[in-house]
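These are the structures in question, set out in turn.
Look for chain A in each of the two complexes below; its partner is chain B in the first and chain C in the second.
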Partner chain A sequence: MVPISASVFFLRPLASLGRWGQWGGRQVQAVLRLGGAVLRNLPHAEPAAIWQQARDLGNRSMFFVVVVMAFVGAIMVVQASMQAQRIVGDLSIIGPGFMQLLVREFAPTIVALMIAARYGAGVAAALGAMQVTEQVDALRLCSAEPISYLVVPRVLGGLTSMPAIVVVGGAVAFVSGGLAGHFGFGIGWTSYFRTGFVVPSDVAIGFCKAAAFGVAVPLVSSWAGLSARGGARGVGQATTRAVIGSSVAVLFLDLVFGAAGYVAQRW
Partner chain B sequence: MWSLLYALGQTGLAVAADAGGMAMVLGRTLQRLGPPRGDSRELVRALKRYGEESLPIVALTAAFTGMIMVVQGATYVQQYGVYNLVGRYTGFTTFREVGPMLIGLMFSGRVGAHHTSELATMRMTEELDALRVLAIDVYETLILPRILAMVVGMAALVVFGDLIAIGAGAVCARLMLQVEYAQFFQALLEHLGPMDFLIGVQKGLAYGLVIGVVSTHYGLNAKGGSAGVGRAVNAQVVASAVALFWVDYLMTSVVR
Partner chain C sequence: MASANPHMVFSDVHIAFAGKSVHAGVSLQVQRGSVHFIMGQSGVGKSVLIKTLVGLVHPDRGSITFDGTEVVGLSEAAFFPIRRRCQMVFQQATLFGSLSVLDNVAMPIARHEQVSMAVARQRAAEVLESLHARHLGERLPATLGPGLRKQVAIARALALNPEALLYDEPTTGLDPIAARRTDRLIRETSIRLGVTSVVVSHDLQSLLSIGDWVSFLHAGQLHFDGPPAKFFAATDPVVRAFVQAGSSSVGHC
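And then the complex of A and B:
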């Protein structure tokens, strides 16, 4: 017989881990099913609606992304310069190295996390409010397919404008990092503003990441909005789920693309 | 031209109004601290709901963080053959910057959003006014305990998250770069002091306070029905992210 203590300290955490796993699996399944429905409805997309959503995701997040990425650039260059001063004392590779890391990793990921917070929460709030006031069912009654009307434009708009805003965010971070490096550590302009470290495969990885995030964030947020239940409280919960869900999706895809890029570069 | 100037001015005014509102929230909360007047049962409840129940999502985020750090450095490690530095840079970046920041963003998405939407719903349904009529101070009964819970919970989650991130990073380094666990942790312990870890925890405390103040401000000032709840939550997530990066910048350039 298993002693009580073992069951408390070992089996219970294991059981709750399994429950979380099952729960997470169901959520992923639901998102993927929505993705399949989006693929089936792709031919019915309206260009005007796509541009509207691309504008909503990109142009209207511009101020927010610029402010955040300016801080990110300055923080990273300050940290890296402190480390470089302590170890090698050579600050000339900070600029090009930071550029490479930005292109490959930080610009797509941090911008996508910010878009998940601003645009994803907005999508979930809008679709969630439509869902709990039965407007989505009304669409279905008018024989308008809600997915092709509500979700497809958001996904395609995200795919269009996410790479663009990633480029803007990366550029802002690089410039603000240059300012921080110049005035904080005396890094020369010409030694900072170099792009020599960036190779085509870095750009390819960065672009693939941005495109994947551009699909994932609207998809997860739409799923969160459409599965909202029960009044104002349900809309609030949907917003939370959209932010958390799309952030986790971004981190997961980042890991997958990072590992794939590493393997591809080795061969 | 003039419309751009007008828009800039409008943005500036809105930012100033929000900053002032947050300062008021912070001041009123601190005022309740001396002598401490707060609902201790609400504190325990909030600690459980905000701290303990955020553990799964924080563990998942932290595991991704550790692995991403190793994966990102893998190319350089192979290029220069510095397999003995993997533990060092993974620990440094995770402890000091990326761990607290990503955990903070998740915390604001889950806990801050929850707090905002609850306060906003209470305001819409005039529960806050009812409390005022009953002479019950909403800062003592709800806000102070919850902000305290956010500060403590966030710091504790950073401690847990750092450990999980390092564990996941070590596994990833073993699988991808064939760095032995012993070598990974030796590099970590040799080059990093307790300060590297504590700076992260200190950031966790600050982020918890920031998220608490920002989410309270947007919850108390929500307007306009159930769509207003959604808008308040959205504004809270955005403002928290900006505030977190701003505080991070301040702490990075001050504590160096």
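And then the complex of A and C:
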């Protein structure tokens, strides 16, 4: 009896893991297929629609991004200063170190995760509602290819406005961190506002990440919306899928770019 | 309806979703210029069947021809000319909420005929005028009642002067007055423009007042195919049960 129980104990979770893996693989395949369709439909992109989506992602997320990044910047500098004060006693590296961390890692990633929650959920809800109310089919009857009409403007809008909002979010976090460092720990302005640690490759990696996240979030969210089925419940599930899927995509791409940057620097 | 030159022909159509069979060999013909009802219980696949004609659903097997052209296996791009000639009015009207009524009607003209929105709007205004709905042009769909939304959806479908119109439950969710107005609109469109109308419906009153022919689907098969008078007089237990269940809405069935 013991071996049977043990095998059930170990094999069932493994089997579940396998099924989850297969399911995940199918979802990734579907997103990549949608990405291929977006590439094929790029020539049909309409500038006005791209501009509207860029504004939707960028301008309308601005307040949310600014508020959250201000807190993030202040919290990170306070925590880093506390540690530095306790261990090395030198706070002069806080500013340049934080700047490098923001440019290379935190500004693109944290802003993209916020965009996944705000914009991604909105995209999935809008496209999901269109899907379950047959508006996507109605578009096809009007000779408007849903991918070029609905997805391409969102992806190109994300590609153009994500780097811009990342720059704004990063700048706000850096300034709020400077204020927290100055008034909380007495870090001098000239000591904090230095960019000495930032090298061109940091900027390149940060920009590539922002651009990749700008494509990934709308793409995954559009896929989630267009795969919605079954009324309001389906739209809700699509919204959840969009936020989770976009967030995972952002973190996965972050890891890939981080690893690639590390390898490139060593090489 | 057997005819020498039918407008649409479904032959041995098989459709299954996730392994569950919806149609297991449906064959029927739709006569040119007729108002052809497709009836059956909910979930029998009536809407699915008409969506195959315009490539919104793809059958697993069988043949479907529109005006002699085989549509099974066509690519998305190859369906565009078919959709120009055969439009569809969806159950929930499916107007685009961010566009005015005029732009909703203009959109298929601009897209299909590759003309500017200004030209398309002019044509759309004429279509709305012909349906006595020009005054709705500047309104947003959300400000219209269900009957008017349906009227605008029909106007949008007519904007391209199609040869055929597919109506998915056109009177569902409408009050009796709006439902009968929609029936009259379908009939007038068929007579005035010679449009072939395929109407998916449960509404026996509609069938009685405007139907030329009825195909009744049951258990994935065509169960009855004939004129409405024969349908209402049928002794087949399945048809009889359907007619009797709906008789309260018709009154004298």
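Operating definition for what follows: the second predicted complex is superposed on the first by the 265 of 267 C-alpha atoms of A that agree within 3 Å, B and C clash if a C-alpha of one lies under 4 Å from a C-alpha of the other, contacts with A are read in each partner's own complex, and residues count from 1 in each chain.
Methods note: a residue touches a chain if its C-beta (ideal position, glycine included) is under 8 Å from a C-beta of that chain, and two chains touch if they have at least 3 such contacts.
The structure displayed is predicted, hence computed values, not measured ones.
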First (chain B), second (chain C), both or neither touched by A:145: second
Chain B versus chain C as contact partner of A:95, first or second or both or neither: neither
Partner chain(s) touched by A:235 [first = chain B, second = chain C, both, neither]: first
First (chain B), second (chain C), both or neither touched by A:218: neither
Dominant toucher of chain A (residue count), chain B or chain C: B
Partner chain(s) touched by A:135 [first = chain B, second = chain C, both, neither]: second
Contacts of A:158 with chain B and chain C, given as first, second, both or neither: neither
Partner chain B, residues of chain A touching it in the complex: 20, 63-64, 67-68, 71-72, 74-76, 78-79, 82-83, 101, 104-105, 113-114, 117-118, 121-122, 124-126, 128-129, 132, 184, 231-233, 235-237, 239-240, 243-244, 247-248, 251-252, 254-255, 258-259, 262, 265-266
Contact footprint of chain C on chain A as seen in their complex: 133-135, 137-138, 140-145
Touching residues on chain C, where the partner in the complex is chain A: 51, 54-56, 76, 79-80, 83-84, 87-88, 90-92, 94, 96, 107-108, 111-112, 156-157
Complex contact set, residues of chain B against chain A: 11, 56-57, 60-61, 64-65, 67-68, 71-72, 74-75, 78, 92, 96-97, 102, 105-106, 108-110, 113-114, 116-118, 120-121, 124, 176, 225-227, 229-231, 233-234, 237-238, 241-242, 245-246, 248-249, 252-253, 256
